[in-house]
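Two complexes, one shared chain (chain A), two partners (chain B, chain C).
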Partner chain A sequence: MSIDVRPETSPTARIPSGRTRGIGVIMLAIGLFTALVFGVGSGFSAHSSLTFNPVSLANAPWRVGTLTLLTAWSNVVLGLAIIALGLDVLARLPRRGVMARFGVVAVLFFFALLLWAARTTGPSQINFVNLTAVLIGSSALAMVLVFGSLSGVMCERAGVVNIAIEGQFIGGAFVGSMIASTTHNFFLAAFVGALVGGVLGLVLAFLSLRYLSDQIIVGVVLVTMLGSLSSYLNLQVFTPFPQYNTGNLAPNLPIPLLSKIPVIGPVFFDQTGFFYLMIVLVALVSFALFKTRWGLRVRAVGEHPQAAASVGIKVIGVRYANVIMGGAIAGVGGVAFMASQGQFQPGYTSGLGYIALAALIFGRWRPSGAVVASVLFGLSVYLADNLQTYQVPVPTEILGMFPYVITIAVVSGLIGRVRPPAADGLPYKRD
Partner chain B sequence: MPESSPRRSIWARVTGQSPFVVTLFALVLGLVFGAIVIVTTTAPVLDAWRGFFTSWGAPGHAIKVTADNVGAAYRIMFTGSVFSPATLWHAITTGQGWSNALTPISETLTYATPLTIASIGVGIAFQTGIFNIGANGQAMMGGIAGAYVGTLIHLPTVLHLPFTLLAGIAGGVLAGSVPGLLKAYTGAHEVIVTLMFNYVVSAILLYTLLSTALQAPGQQNDIARTLDPSAQLAPLFGTASGLRVNYGLVIAAVVVLFAWWFLERSSLGFDFRVTGANPQAARASGINAKAVIILVFAISGGLAGLAGVTELAGFYKTLDGGFLVGNAGIGFTAITVSLLGRNKPIGIVWASLLFAALGVGGRAMQAATGIPLDLATVIQSAVVLFVATPVLVKEIFRLRTSPTTALQLATKGWGS
Partner chain C sequence: MRLELRGITKRFGTFTANHRIDLTVEPGQIHCLLGENGAGKSTLMNVIFGLLQPDEGEMLIDGVVTRFADSGEAVRRGIGMVHQHFMLVPVFSVAENVVLGFEPTKSFDRLDHQRAREEIRSVSQTFNLEVDPDAIVEELPVGLQQRVEILKALSHDAELLILDEPTAVLTPQEIDALMAIMRSLAASGKSILFITHKLKEVKAIADVITVIRQGEVVGTAQASDSEAELASMMVGRDVNLTVDKVTVSPGEAVLTITDLVVRDDRGLPAVDGVSLTVRAGEIVALAGVQGNGQTELVEAIAGMRHVESGTITVRGVDITNRTPREVLDAGVGHVPEDRQLHGLVLSMSVADNLVLNTPRRAPFARHGSRNLAAVKSNAEALVTRFDIRTTSTQALVSSLSGGNQQKVIVARELSRPLSLFLASQPTRGLDVGSIEYVHRQIVRQRDDGIGVLIVSSELDEVLALGDRIAVMHTGRISGVVDPSTSRETIGLLMTGAHVEPADA
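Coming up: the complex of A and B.
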């Protein structure tokens, strides 16, 4: 047990109203900032254009025209909408859905930021926002985060903190690149990535379940080991044999007809196999966890292992199975990340595994919530990487902090109190 | 397994109960793991094994090639970080080349200096039940703050060096306090917050190097001005000796003594340890949990900051974009060092000497055999995995099991 700095809260206790009020105030501040800086600040003659056609027009039989907006007024409206959401939170102090509202605010804010960055009299030559490209770019990152947070859901719902997701990403990305380069078979690459992730999950489970080692320490040390091992192997294998680590961009598999829908088509139906696999996994894990006997057992093990054991559930067995499956999911996530980058590079996951954990917390340990959170985080990582093309007057390095600062804000509970599974991270001993 | 065969009991009596024995065996296992990694990834070794069945002499040859490669790697690791018998003998018999003979150990001490300081900080946090994984960012912040004072202010040494070091401490305290305050007041889990803060500080480092007065004049790259000589930690044996070990060693010694006194003798240190061992008891006895969290992060961060500025003033002298990045990230090694040293000051001293030797030796190994330096980190993390699982080590080596020697650290859920 750790130092419990807050008063005991019963499972039914919800967000304290003081905190909700704080979130309302933060929303108001964001709204004012949006309306004044991005709105009024951009001058009333500026306008920004939105384009919707994908960069490769092969799959876009129906072109969509450009939408030109007056930057100032659009952003003032967006700011007012955010302010309205904030006022609503302040006035009603809702007990549920505060995080969802904050998510909406974040999306509106990002949208205003993009409009402002692409304004006509702005510093950059680029005067349009390709909404489809933004969504496709962030969907690749969001997909990796969803794999990571699904892995977290599997493990933490059974009461084991899998902080080694980052390590499983690295392991999956490494072997995935090797397999994909040699066989050109992404299915096989994903399978082997899942195997590696599963083995890492097994190591974590073995050390923390059988020997009751500290899960967080084992996880962090596993990440260190995978980081150095992959860097070592990169120098020993990929540097002398670069042909094992190249040209691994997964091909897009457009779904007939659906992929031709403007905007939605390229974003949802013209993706790699990993993307569709992710959607299937989200549905599968959601259903299995909340609608099946198996899911009930897993959640019982994560909430109250003693009670679960007393009705005959094999607590340790369930935890082993879930941590291994979770590791496998994260391993596939690593392959998916590699397949979206085209190759393996040491250190290029740069904390995505931990951001996935934050998405899990933001999503309240639910697959659906994790998806929403991953989309927000994916968008913020994408914007941090790409906003400099608009030459916004913020240094690149400061933009780079963006996703990490948001992660800190999320785990600090600035966006509402969350309740993890009751036995999450606690060792369980049969007696 | 409680049943005891006579053979096992003799073995158990020889090895005793000391946690030191477990650590030693963990080190052996770590080196074995490293050897496996070398064997499975080095082309000549693999080629030799591929020909295992081709002739009668082939198996012997395969084993010999394996032993040669692993042996060479570990031998150079030792001679590159402690001493080389030949050079030392030459120095003793001829009286010449002492500097050459002492360079390896001097390098190890130089590397161990900031590592010890940072690890003490991480260890104090661990003893309080706090996992400060952000030591690297805090050390980086210390380096940044130290670089500002050490390059942009000009003072005589008596003032300049202390101010530079104090700035480093202040930088570390600043970087450590954010997670501390967040944990105390919002319950944010320190692992994620401190880790994310590492990335934030990396961004701050690049920003200060590229866009502020810290950047060396006329420089386009991420390179800062060099510290004034008055802000540098001088070599212990003078510049003429060629040995890089510096007065940072004295700072590290003071920190170790302070940590020992603080944890074992001071009442605040007692509060810290009680909080780490049993938070409920701590609360019941009236210890202010919030204050403890904030203070432990300030102290831990401050020590990490001191480590960073010591690294800068004693070793690098010039801050650049590679400061504490990748293999140089002492803040990450400090976590494993602290775990290996069981979070006790004296244990940490030995552990950081060992890991410094692995790091320095790894560099020598890379230069001589081409085996990447990352192997050192692989071995370090394997050792720590085994140290964190003492029961496994005991089972492997058939040692007597006692539940009390397990690393007792704070496992906890998120947020709540």
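Coming up: the complex of A and C.
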């Protein structure tokens, strides 16, 4: 047996042009749909208004006027922009950045959808879109997804698939609510949430590293177990003693001056401590993974554990450490989600942990990519949850499918080719 | 470094992989460890390298008894290993691979890429091994990847270099380059332990030869000993290294491939416009360094891979893009490259594996139910005829040795009338005895008027078997030559150089 290697080809040449062409065609279709249905279809007398003032005016010493647009023409322009992007992909068949372009198309499409939903003489009474509110609402979801996908980055870069992120969210949210209710200390809540997530990571690591169990199955079992356990404990603890599960909205910590910038201020600089912690974590994980000795070793373990072991790196040890740290990050994510909702409810994470995994893949196993994907998916989840307000005649579940459809497209290689760490999910045994 | 092994024994359960092995490597010496596949060479290397702990015996380094807890310790103590499967992270740069585990750092644990590069340059210069430190390993040709492995060992100040079957993936020219590197390293005082089963290489380079068989040292030999002497030591009996063939004149074409284009798993053209003919009663041997499209070509013929364009016909019947079943029905017998993955169902019995290609036919099945008596009698006949060593026809095929597993496949494929016999790496991993046997069977098929196409990355096998030799390089046939052609010429064709064909 020997290694098959084909010389003289670079790995960037791997995306067949047919697939890229397919993406271009899909973009064209989305563009046409946007221009015709959201544009022409809304009638040329309709107009949509955008407002920018945050709902809470505490940190907004400014007022920004309302921007009123002609819905049809705006959306035709958006549609044409999407078509232009599609044509560009078709004409140049770029090898890189196809996924990024698709992300831009998705954002433009969402924007057109909002304009269309909020048009006057539309089905709903609400004829404006508060852009700032949309961004703040999405940012809370995106934050949770970033915590989840960072957890995935930590685990999968070391070669262990952590599909239990959802379970770590649930565990973190449950104990987070309990600690925050009793101590009113969100630091302590986050710490205990990290502890619970870390313990769940340890269970996953122990079963998959010590007993070489299938990591996917262990992960799914953990999620199922945590879902049921939290429902049961909710019934036994929180229902009779509601004082342990209430009033846990984390306070916003506005950053002086920066928080006063119109639109950007309330979205980025008037957030909870969890949001700032997330930003610090993204920077930290990015730096540690790609700039440090530690990161090189972690990636070696995730790509070629035998090679790592042959120079004395403790493969199993690295995997344990990373899965536990990853679990802790997801646990904090659960607390952060709880703190954005104010309390724990059984089942209210509703698959966010899986969407975070999707963001991890869409983000090509990189912290920065995971952020971009989380923003996109956060936006789509938020819109799916809130479009009812506009009485859109489309089931919101369709929009809720977006992250999954994208993930299937990415995983099947439809949109670019993603390449997981080579040893991702594979058991490692020392001879 | 002087390495001495005294009475090293390593057991896996009841199986003794190494039994009381004594071995001494002197500084500046190239010591060859010669043995067949499964003789226990790799186990012994893993013991020296700290990947396995010996059950008995001791290891002395420069006269001091030493024991390594893991390979990291072995590396720190000056033992470098070039593994058969490279221990390189394909997506990392050369520099990252070389420093892995011994990284120079700046503040905050940051990698010091500048120092890593400089270290590599200085080692490169000292030993005259040129590699770009910033190149990504997977984009380098195999020969250069191996150079990175050697560089990695040297940069950790290795005094003893273990090379485990290093030539398997190299072209003849790359092998020459490797030999030159080994000689210059030995000249600079490094000790080298070179593991191989290839007699030619041993004779070309060894200072001392230790032969092991079934886990035991059977003796030492000199590089001046003849290949036949070395082979009989290695195998334990006299072996016939040449394949006896009478000349026969080939008949009509049985396999005709025209302008074939096939893509690999990544969607790149792996077979790029190949045309080839195999006639009845001749053996065409397809040579080339692995990964040049041979695998994909065979898979396309066998119906296991989609054909992009071009045609494949067997005795005039178009089998392009047909299913494997239709290909088999057209009279093609196929011994696949990976016998455990594509050739056998390991969890089934020998008897069932012997009818895998015809399970639905009479006499093995009737009206949709199996005729187990016929399956059994068929198995008994084939086990006798092909000398398959098994405890019973009902034993799991996974319990057989590699050579006997291969015999099961060959027996099955040859148990029905064929037009074309297709065999990919037919003797890979087999002991010399089994190789002889498989070779005789292949020649017998040819003598019976069947067209034979074999693919092999062993040049010796290609030269011994082929009536014509086709050489593949980057998806194209770079030449079709006569077996009397020199190794150098074939080596050049394997690198894609244009050579005037002797016989097209």
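Before moving on, here are some points about what is shown:
The rule we apply is simple: the second predicted complex is superposed on the first by the 398 of 431 C-alpha atoms of A that agree within 3 Å, B and C clash if a C-alpha of one lies under 4 Å from a C-alpha of the other, contacts with A are read in each partner's own complex, and residues count from 1 in each chain.
Heads up, the rule we're going with is that a contact is a pair of C-beta atoms (placed from the backbone, for glycine too) under 8 Å apart; a residue touches a chain by one contact, two chains touch by 3 or more.
This one's a predicted model, so the numbers in the text were calculated from it and none came from an experiment.
Of the two partner chains placed around the shared chain by superposition, chain C is the only one that A:Ile313 touches, whereas chain B remains out of contact.
Look at A:Tyr428: by the touch rule set out above, it reaches neither chain B nor chain C.
Shared-chain residue A:Phe274: touches no atom of chain B or chain C.
Of the two partner chains, chain C is the only one that A:Arg299 touches; chain B does not reach it.
Chain A has more of its residues touched by B than by the other of chain B and chain C.
Of the two partner chains placed by the overlay, only chain B lies in contact with A:Leu235; chain C stays clear of it.
On chain A, the surface touched by chain B in one complex and the surface touched by chain C in the other have residues 1-6, 9, 422 in common. Within the complex, the chain C residues that touch chain A are 46, 49, 51-52, 70-73, 75-76, 81, 83-92, 96-97, 100-103, 105, 108-111, 136, 138-142, 145, 156, 168-169, 264, 266-268, 270, 290-292, 295, 428-429, 457, 474. The touching residues of chain B, when paired with chain A in their complex, are 37, 41-43, 129-131, 133, 182-184, 186-189, 191-193, 195-197, 199-200, 203-204, 206-207, 210-211, 275, 279-280, 282-283, 289-290, 292-293, 326, 332, 335-336, 339, 371-372, 374-375, 377-378, 380-382, 384-385, 388-389, 391-392, 406-407, 409-416. Taken in their complex, chain A has these residues touching chain B: 1-6, 9, 161, 163, 207, 211-218, 220-222, 224-225, 227-229, 231-233, 235-237, 240, 347, 350-351, 354-355, 357-358, 361, 395, 397-398, 400-401, 404-405, 407-408, 411-414, 417-427. Contact residues on chain A toward chain C in their complex (touch as defined above): 1-11, 13-16, 288, 291-294, 296-297, 299-300, 303-304, 306-313, 422, 431.
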